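Okay, so chain A shows up in both of these, paired with chain B first and chain C after.
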Partner chain A sequence: MVIDEDFTYSLQSVAELGGHEDRAWHAAWNPKKPILASCSADKSVRLYTYHEDGEGKLSVSFLTSIPTGHTKTVRALAWSPSGTTLATASFDSNIGIWEQELDDDGEPGEWECSGTLEGHETECKSVAYSSNGNLLASCSRDKTVWVWEVVPDSEFECMGVMMEHTQDVKCVSWHPKEEILASGSYDDTIKLYVDDPQDDWYCVNTLTGHESTVWSLAWSPNGNYLASGSDDRTVRIWRRVGQYEFKCVLTLEGHDRTVYSVTWGIGKGKQEDGYLGWIASAGGDGVIRVWELKEHSTSEPLSHKMLTRFTDAHSVHDINTVVWCPRAGYEDLLVSTGDDGVVRVWRVTPVSV
Partner chain B sequence: MPGEVFNPNPTIFRTEKPSSSRLAQKRSLWIDEEENTDIDEDNDDVEAIDQDEVFDLIRYISDPEHPNTLEELRVVSAPQITISGNLIKVEFTPTVPHCGMSTVIGLSIRVRLLRSLPSRFKVDIVVKPGSHQSEHAVNKQLNDKERVAAALENPLLVKTLEGSLEETNRRGRTD
Partner chain C sequence: MTFSGALVLTDLNDFITPSQACIKPVEEINKPEVARKEIEPGAAASEIMIDGSGGYYEVSQGVGASGGGKRLEQAQISLNDCLACSGCITSAESVLITLQSHEEVLNFLESNSKEEEGKRKIPVISIAPQVLASLAASISASASSSTTITPQQTLRRLRVFLKQNLGFAHVFDTTFARELALREHVKEFLERREKARRQAESGKENQEPDGKNQYLPMLASACPGWICYAEKTHGEMLPFIANTKSPQQVMGTLVKEWMGTKWGKRPDEIYHVCVMPCYDKKLEASRSDFYNEIYATRDVDCVVTTGELDVVLRDKGWDLSIPVDGEMDIQHELLPELIGHPGTSSGSYLHAIINHLKKTSEKPLELSVKQIRNADYEEYELREESGPVVFKGAKCYGFRNLQNVVRKVGRESGVRVGMGAAGKLGGRMVRKKDKEEGQGHKIEYIEVMACPGGCVNGGGQMKAVGGGEWGEAEVRWGNREWTKRVETVYWLSGNDEQLDPELLREIDGTGLGLRTSYRAVESNVVGLAVKW
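Moving on to the complex of A and B:
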């Protein structure tokens, strides 16, 4: 590994987790417990746990595998904010809902499917829980975005079907505090939706600017910005300038191939005024890039600084996902998944002088 | 398969002899090195690949509408393949600008290369500029790996692709 001299951080490999028999598409950190989930074209979900020893060294170990029963690729995962439920989005056009059963001794046992959400006509590509866990969003190649109401111990109820995009919808992402949903599409646009109390969910705005498919979306932890990763090889940062108005204020360039994933976490940078956290991006060029973002005033452009970069993070293979760990104390942990079927855990570490 | 034939009467061209590229020579040279001449991703020495070798992998793919190979229809040709490091760009020419089979042809080229080349190669597949009325849409679809992955989980489409690749499996050298 080569660390460029001006980088103040490096990306340290914590674990390299094999086991998937095909492309690893996505991964998700449980927000409450030390559990990490990954999914693959092999139709399975794998769960891992992690812990730190007394000296701060992190180890990751395999917990269990869920065969899922999906008949095609499991494309994406989402944990509910409570950490008790895992949703799976599959190319078989269904969404699976998974909960851990209690065994005879009252101990957590097998992961069981507690529900299947049917409705999409073709491949389901992304799934996301709203910040309070009351709503679930999903999207598909059928060009639709669905919002489901999460009803405990009962069927989920569909609250709305938005047919706004003209092509596949690649990703959905909820605002971290409010009930605003964003979707990114093969039609190169990003759309925002809210609930009309008198009526249905509807599209309140369309963000244009990307020159190709929008593969990934990530809100800033404070909810004032949205990041998008695209086939046009850029990451764009959109600032909220009105209730539902957004303006592109920064374009991060450097990736040589499609950006498949972007993630925005609190990070472990200096928490001074204007600090916006860390963005990581990755894609077809196999490079993970980590940036720190700052705002000086809401009328000025954002400032960004690349903290570190890691080339060939999955050897020659595409990287499909990067996600920051949301748990307190672990904000420097990043997971990546690749076409090599491997799931890697990384830690962003200050370079000691 | 749709009933419509997009180009009922294609021009068929005389084909060249298979290239005497390095891989071909290797195979005919020595007695029991045959196994080692396969392009193998586990092979430690990373060998460069040339246009002719890539062309040899795709020339015998059958057209989904005609009993001809893509080479005979001049859908593919060696000069339309460019290689830069681990990046391979394959351009192909649909026989008619409204060819509804273009995505299937492009997909069969992609699957053939996916199965034959070491995984370090990234492949971009595009129609020849100006050769198709939906050029942008076809290109975008062929290079969206999620759509390609989903297509390859569609049994009907896979059956069509296997049909197109049958001849190439028989005649291709690297199988």
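Moving on to the complex of A and C:
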């Protein structure tokens, strides 16, 4: 472990959660309840809960495991904004929708599959709920991005199938406030989609600049920026300069290998003017990096400062995902998943001088 | 500047994505001999060599290896293989182009004209009305005059060109075949409805899992894009798809059997070309169901698209904007011409059923139409005046709407949706939900078409003419404004004259086969262990 002296924060390990029998792909924090979900090539989803004791010490404990029924790897997860529904994206090309059944006493019981979304031809890579929970997006190696409308009774209606990318689509991410969808692909581009009320969903813009696969996307909490992590080892920050116009205003370098995951949270930095929150990135080099971003004016470049860095976070293994906890009070919590099958929870803590 | 349809094959978009890899060659190489070698411990390693002429040789490197090597069979992919797989329809341009292209037609016509008198085949060409609308809209948009050319004029002008310049003996449009297809379609719907009614009376609901008891909703069968997709990915939908042949294949039967008999010709003595708005019609024509084994001939020998016909016109220097003599007169060439079928520009399958029900109902029926989201999905209800709903049907165009129809039909009829793992997923909650559904009148018929906007917007149609006029800087296939224009032109022709009952009776009497069948294609692609 290397902690540079000039870092003002450090990444403290809160929990190391084993249990997956194969590579841990992805994790998702429930936005309403203290639940953390992780998924794996072992086709299962594991749920954990966490709580703080009186002294602010966080403990994480295993809740239950869902053996999903997917026939292949569960690649990605997404909670609905209400926190009641979990979506699973699997290499078996399907999306599963999971809800907790009420038992006879009206108490939450087993997690049940309340529906499946079929349509992708090959491996489903990512899934995401829109900010109000009315829409669900998914993407696949079949090069398509699908948008589904969530209708009552766990039913879904297909709203659009976008065949815009020329290669495997790695990730989808919704704007935090508006119904704008972004996707990143093996074709090195990022595409943005919106709904034409007279017609179907369509691709409204394509962002080029990355020199290799775009693996991960994360919107800034205020929705004015989009971060992308790529196989070109960089994280790019795109500023919204028009309704659907974006411009790359910053390139974060430092990773020695592919950036598989980037996440953007509110963080616990000083909430002064221009404060944009914290970005964490991780990937093939096994290093988790945390940055704080600030804007001075919308015409100037962003300023960034690396808060901390943690090497060998999953020993020699690739890190597949890093995600900030979205719940109030827990904005300094980060989860990471690795090829070692381990799910780790971290807390970004100020270094006491 | 605009490109003609056929030149821009990369734009081809039938809304069914190409598969990642063609699996066909893999199936061919598993010879038992090779298999034995593989299990022998320490067997000689082998290498594949390619010689100058492109032949493949397996060369043994171990003990006793001789110089020559064994010539390997070349993997071949025929159009029929593609059809059986249908994974890469939209990307296998080269296969489509070489086997069923305008060049193939021209080559045939040339060699046919050199044959001796007795050996010559009769070349016949049948043109879909959507093709005429696309060409007419295209000429009207590029011509200097502001007059709009009708599909009828376009047909007359094409007829002169196709007969005089290319040597076709007969030039038809496919609306009479469509008339027969629609009649058969209605007949089949009534049969299915009756079976479903009897089944409901007997109290046995869809208990047989093999789909034998699944009759309604009946789904349209004219769109080959939809048929291919259903056979490949939604086998559970096949029992619902009408068995009535598409107008193209009815025309095939009409030309090769009925006309052939009239002319004293065997099916293989006629060469039948169809001009269609859609690339997938080429695949439909190559289905084994439409191949006559006795005479080794297809009902439709070759299908070309609107864009490809346009290329031929350009190559031969024929200008469709120039009128021909008598183009406004009524012409009768064996079959009645351009029969109008009011309803949709994709063939009015739903309307044919609605009209029949209205006509035969004892009480007057009212039709109400509900558009959902856009014109590509509409629900139609027939009800007795302030009475109950007696029929519910829908029109569903485009890949997105098709997904919802597949889900809806699968849910309402209780058949498993999809071939994937979903059968195993879906616990108690799903089953509980299923039971709660089923209130109200269920949809009994759906006119399904794979292209958004339907057949006037088929993948083989002319590209929009006139640049920015159509609301987009870049003119591409699928432009909605342009599609509307073609749709308008489509309705400019249409003959309302009563069909000759003698002719219909004569055709009925010959007992032409107007039905076909479908088979689910099981994918045997084993998912590779992909890490990404």
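Rule of thumb we're sticking to: the second predicted complex is superposed on the first by the 351 of 353 C-alpha atoms of A that agree within 3 Å, B and C clash if a C-alpha of one lies under 4 Å from a C-alpha of the other, contacts with A are read in each partner's own complex, and residues count from 1 in each chain.
Quick note on the criterion: contacts are C-beta pairs under 8 Å (C-beta built on N, C-alpha and C of every residue); 3 or more make two chains touch, one makes a residue touch a chain.
From a predicted model like this one, the values you see are computed outputs, not experimental measurements.
Novice: Does chain B (first) or chain C (second) touch A:245, or do both, or does neither?
Specialist: In the superposition, A:245 touches no partner, neither chain B nor chain C.
Novice: Quick one: is A:212 in contact with chain B, with chain C, with both, or with neither? Answer first, second, both or neither.
Specialist: It touches chain B, and chain C stays clear.
Novice: For the overlaid complexes, name the partner, chain B or chain C, with more touching residues on chain A.
Specialist: The partner with more contacted residues on chain A is C.
Novice: Based on the superposed arrangement, let me know which partner A:91 touches: chain B (first), chain C (second), both, or neither?
Specialist: Both: A:91 reaches chain B and chain C.
Novice: So in the superposed three-chain picture, is A:16 touching just chain B, just chain C, both, or none of them (first/second/both/neither)?
Specialist: neither
Novice: After superposition on the shared chain, which partner residues are touched by A:103: those of chain B (first), chain C (second), both, or neither?
Specialist: In the superposition, A:103 touches no partner, neither chain B nor chain C.
Novice: Which of the two partners, first being chain B and second being chain C, lies in contact with A:123: first, second, both, or neither?
Specialist: A:123: touches chain B and chain C.
Novice: Have a look at where A:178 lands relative to chain B and chain C in the superposition and call it first, second, both or neither.
Specialist: In the superposed model, A:178 contacts neither chain B nor chain C.
Novice: Is A:198 contacted by the first partner chain B, the second partner chain C, both or neither?
Specialist: Second partner only.
Novice: Considering only the touch criterion stated at the top, classify A:284 as touching first (chain B), second (chain C), both, or neither.
Specialist: first
Novice: Which chain A residues are contacted by chain C in one complex and by chain B in the other?
Specialist: 72, 91, 122-123, 141, 168, 170
Novice: What residues of chain C sit close enough to touch chain A in their complex?
Specialist: Listed in rising order, the residues of chain C that touch chain A are 13, 15, 17, 19-20, 233, 374, 398-401, 403-404, 407, 417-418, 420-422, 424-430, 433, 452, 480, 527, 530, 532.
Novice: Looking at the complex, which residues from chain A come into contact with chain B?
Specialist: 23, 41, 72-73, 75, 91, 122-123, 125, 141, 168, 170, 186, 212-213, 231, 257, 284, 316-318, 339-340
Novice: Could you please specify the touching residues of chain B with respect to chain A in the complex?
Specialist: Answer in residue numbers: 86, 119-120, 122, 140, 144-147, 149-150, 153.
Novice: Under the touch definition given earlier, write down the residues of chain A that touch chain C in their complex.
Specialist: Result: residues 68-72, 90-94, 96, 99, 101, 112-116, 118-119, 121-123, 141-144, 153-161, 163, 168, 170, 198-200 of chain A touch chain C.
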